[in-house]
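One chain, subunit A, links the two complexes that follow: it is found with subunit B in the first and with subunit C in the second.
Here is the complex of A and B:
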C-alpha cells in the first residue's frame, strides 16, 4: 500500500488540507509529520482515508469526519472528532476539552485521559477513554456511549438527556439528573466486546452505567433550584 | 474569546520576542488590541512609568501637568520622557521617575488627569505596552521584539463586553502596586456588583473593561495583606464568571481559573523556563519539537511559577 508523507510545519493550513484531500483521493496511508499542535487538521475526510499524525495535534482534529480512520501519536487539543458522522479516531495520549463534542457516529478512542466535557452534546457513536474522563463529561448528551476505564471527575453525566456513560473506577461525583445503575450482563458483554475489538483484552471491570434521571425532560421553572450549580 | 500568554526565561534574554511570537500565534483569538507586560532589568533608582497620552498634540502640556503632580509628591523626572513617533492620536510614553513619597497617593493624584494621560504601569522592572491591532502591529510600533528581560505576559483581545480602545486593552496594572500586572481571558459576570463595592471602598476604575476588575480586586486583596498566591486562590470562589487569568510581579507569575473550566491554559515547564498560553500551538512556536505539555483543563485550578527558583530559594 502506498504511503504519502505530508509535513505540516508552519505552512498555511489550507495548503496542508489540499494535500491531504488529494492524497486521500488517491488512497493509501497518509503520514503527517511536524504537526506542531496545529488546529483543524484532517477535518471532513471521506471513508477510506487513512491518516496518522506524528506527535500532537491542536483543536478539532478529525472534526466533521465522514468515515476516515485517523490516529494521533500523542495528544489532541480541544474538540477532537467534533461533529463527526462516522469513522474512527484514536488518540495515543491525552485528549483535551470537549472530546467528541456533538458527534453523531463512529468511534473516538483515547488511550490516555480526556479533559472536561468529554462527549458534550453527543448524538451517537462511542467514545472510549482508557484513562479518566474530566469534569462535566457527557454534559447534555443525547445518545451514544462514553466508556471510561479510569474513572470520572466531578459532575459526571451532568444534565444527561439520553445515551449512556459507562465508568469503571471511581466517579468523583455525579452531575444533576443522572443516575448510576447496575448494567445487565448482556450490556456488559457488549461493552467488553467493543473494548476487545479495540485491543483492550482485560476489559472485565466493575462497571457503572449512568443514564438520564429523566427529570429534566419535563423541566418546571419552580424546580429550578435543583438544577443550579451556583 | 481572547488569548493570553506568559513567559519566564531561565536568565534575562529576548523575552519581548518570545511574547510577540506567543501572541502572534494567537492572533485569531482577537486582534482588537494586543498588550504586553515585560519585566526588564530592574532600575537602580526610581520607577519606570508607562502611560498613554490621549492627544498627541497636547502631549507636552499633559507631561507638564504630570510632572507638576510628581513634584507635589516628592518625585521628579530622572530623564526626559520618550514616546512613539507614530501618527495615531494616542501616544505611548515612557518615563523614568524618582520614588514618590507614597506611591498610592501619587497614583491617585496622577489618575486625576487620566483623561489626558493615563498611567498604564509603574514598576522597577515592569513595563506595560498596549495598543490597537495584532501582536506584530503593536510590536513594530513599540519595538516589543527588542525588549529584554526575564519574564512577561501577553494578551490578544477580542472585545466582548466593552469598548475597543487603546487604554481599555490588557494587561492591566494592579495599581498602585509597583510591578504587578494581570491578563485575563473570559468574562466577569458580577463585574458591576464588585465594581460598586470597590468604588465605595475608594478604588477608581480607569476603563469599562470587566477584566480591569481583576486587577483592582487583586489590589484590594493585597492591601488587606494577602499574598499573590492567596489572592489567586480566593478569587476562584469570590469572583463569578468565566476566567483564566495570569498575574505577574517581579518574582514570577501565577494563574487562576474559574469553576466552570471554560478557558484553557497550557504550559511547558522545564529547565527553569515557562511558556504558558491559551493554545498549545502557541507554546510550540517557542518549543517546536515534541515537548511535554501540561494542560490545566480542570475546574477551579491555580498554580504559580517563580523566576529563577534557585535564586528565590536561596
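Here is the complex of A and C:
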C-alpha cells in the first residue's frame, strides 16, 4: 500500500487540511508527522481514508468523520471524533474533554483515560476507553455505547435519554436519572466480543451497565391540558 | 404534581385532594382559578388579574408555567417610539414610484474568506424555527415563500428536514448544543451554518419541546424516544468559551471548504461585549435576537423577564463592531418581534445589515387567524390571543405535529402568503428608504430616525424629536 507523509508543523491549518484531503482522495496510508497538538487535524474525512498521527493532536481530531480510520500515537485534545457519522478512531494515549461528542456512529477507542463529558450527546456508535472516563460522561446521550474498562468519575451517565454506559471498575457516583442494571449474559458477550476485536483479550470483567432512569423523559405533567392554565 | 424540595417532610395531617388544592370548592362555572380571564380588573395596579392568577396557578402547580409565543412584558419599549424624518430641505428624497432603491443584501462576504456569501434579494429572512416546533407543511411553506422572493430560511434545532431543503433555495443549517442528526453530509448541504449560543426568547437556556409534539418523525430526526419532553442542553458539547468556539468555527470552515458563511446567533443580553467576542471568534454573521423573540415553548418567566429589547441592542452591537474594526467584515442581523417593514427599516437604520423574522412569518402562514373557532375554544383562547404553540394543538396546523391539524396548513397558499408578506415588507422598507433619500436600503442610518419618548432616545441613542438632541446622560 502506498504511503503519503505529510508534515504538519506550523503551517496554516487550511493548507495542511487540503493536503490531507487530497491524499485521502488518492487512497493509501497517510502518516502525519510533527503534529504539534494542532487543532482540527483530520476533520471531515471521507470513507476509506487511513491516517496515522505521530505524537499528539489538539481539538476535534477526526471530527465530522465520514468513514475514515484514524490512529493517534499519543494524546488527543477536546472532542476527538465529534459528530462522526462512521469510521474508526484509536487514540494511543489520553483523550481530553468531550471525546466522541454527539457522534452518530463508528468507533472511538481510547487506550488511556478519557476526560470529562466523554460521549456527551452521542447518538450512536461505540466509545471504548481502556482507562477511566471523566465526570459527566454520557451526559444527555441519546444512543450508542460508552464502554470504560477503568472506572468512571462523578455523575456517570447523567441525564441519559438513551444508550448505554458500560463500566468495569469503580464508579465514583452515578449521575441524575441513571441506573445501573445487571447486564444479560448475551449483552456481556457482545461487549467482550467487541473488545476482543479491538485486541483487548482480557475483556472479562465485573461489568455494570448503566441506562436511563427515564424519569427526566417527562415533566411531571404529561397531559396537554396540564399546560393550558396560562 | 410538583417536584418535592424536601421529600421527607410530612404534614401532621393527610395530603389534601388535588381537587381541594385546585380551588374547586365553590368554583365559578367556566372561571378556573389561575387563568387571567377568570378575574375582573380591580383597583390595585400591582395585583392585576394576571398577577393574582399567577399566584393561584403557581400555588396549584408547584412549578413554573410553560408556554410558547413571545414576551407578554408590557414594559418593553417598542419601535413605535421611533419615527422616520424623511428628506425635506437638507436632503433630497427619491421619487417613490420612479427611482429605484436597492434591496439586495449580502451577508457574510466581508471577511473575504467565504466563497459563497449569502446573497438575498431582500434584507429580510425567516429565522430558525425547528421542524418539531413547526409542522413539516409549515416549514415547507416558509421555504417556498422565501425562495420565491429571493430570501432564505433556517432549519432551527431539529435537524435538516428534507421538505425544507427542497423548498428553500437558500437554507441555513442551525447547529445547536443538542446537535440533532448533525453530520458532515448535512453541513455540506447547507448554504450557511448557524452556531446557536442562545435565543432572544430565553437566553441562557436550551431548547424545549414538550412531548405532545415529539411525534414519531420528530423523534426519529432527533434520535429521541417518541413523546418525551425534550429539554436540550444550553452549553455546546465540545466547546465552552469563545476561544474554543474559534477552533470550532475553523473546523466548520475546513469541513465545508470555506464555501459557506458561519453565523453566530445569540440572545440579546450584553451585545456590546457578546457581539465583539463573536466577531473575534471568527463569525461571518452575528444574529442578535431581542427579548421579543418568539419560541415554541419556554418557561414563561424567561419569556417575560430575560433579555433586552432588540431596539436597544442593535446600536450597541453596531458600536461593538465599529470599535473593533469589524463593521463591513462581519454582518449584523437583528431579530426579535419584528412585525412589519417599518420595524425592519428601523432596525436597518439603527445599524442592522438585515433582519430575521419568526412569529411574523408564522402569522403570514395563518397563526392566530380567525378560523376553527371551536379548536381555539378548546385551548381556552381565541384568534388574536392564542399563545399555545407549546401544546401541539395549534388550531391552524402550524405549530403542531398532529396529522389532522396539519392538513389545515395549505403549503401552496401558505407559501404565497409568505412571499407576498415579504414582498410587502420590502416595499415598506424601500418606501421609507426612498423618502429618506436612499438609493439602497442599507444606507438608512440613525440620523433618519427621531425618538418620540425619552426612553427610546436613551435606549437607542436616537435624537429626540424636535429638539434634535439625544437624551444626555
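Heads up, the rule we're going with is that the second predicted complex is superposed on the first by the 219 of 230 C-alpha atoms of A that agree within 3 Å, B and C clash if a C-alpha of one lies under 4 Å from a C-alpha of the other, contacts with A are read in each partner's own complex, and residues count from 1 in each chain.
What we mean here is this: a residue touches a chain if its C-beta (ideal position, glycine included) is under 8 Å from a C-beta of that chain, and two chains touch if they have at least 3 such contacts.
Given the structure is predicted, the values throughout are model-derived calculations rather than measurements.
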Subunit B versus subunit C as contact partner of A:101, first or second or both or neither: second
Which superposed partner A:38 touches (first subunit B, second subunit C, both, neither): first
Broader residue contact with subunit A after superposition on the shared chain, subunit B or subunit C: C
Partner chain(s) touched by A:59 [first = subunit B, second = subunit C, both, neither]: both
Subunit B versus subunit C as contact partner of A:78, first or second or both or neither: both
A:161 touches, of subunit B and subunit C: first, second, both or neither? second
Set of subunit A residues, in rising order, touched by both subunit B and subunit C: 39, 58-59, 78, 97, 229-230
Subunit B residues within the subunit A interface of the complex: 240, 259, 261, 264, 279-281, 284, 288, 290, 293, 295, 297-299
Contact footprint of subunit C on subunit A as seen in their complex: 13-14, 17, 39-40, 43-44, 58-60, 63-66, 78-79, 82-85, 97-98, 101-102, 104, 117, 120-121, 123-124, 139-140, 142-143, 161-162, 216-222, 224, 227-230
Subunit C to subunit A touching residues, read off their complex: 1-3, 32, 34-36, 57, 60-61, 63, 65-67, 177-185, 187, 210-212, 222-225, 228-229, 231, 233, 237-239, 244, 247-248, 250-251, 253-255, 258, 300, 379-380, 387-388, 390-393
Subunit A to subunit B touching residues, read off their complex: 34, 36-39, 55-56, 58-59, 74-75, 77-78, 94, 96-97, 115-116, 134-136, 153-154, 229-230
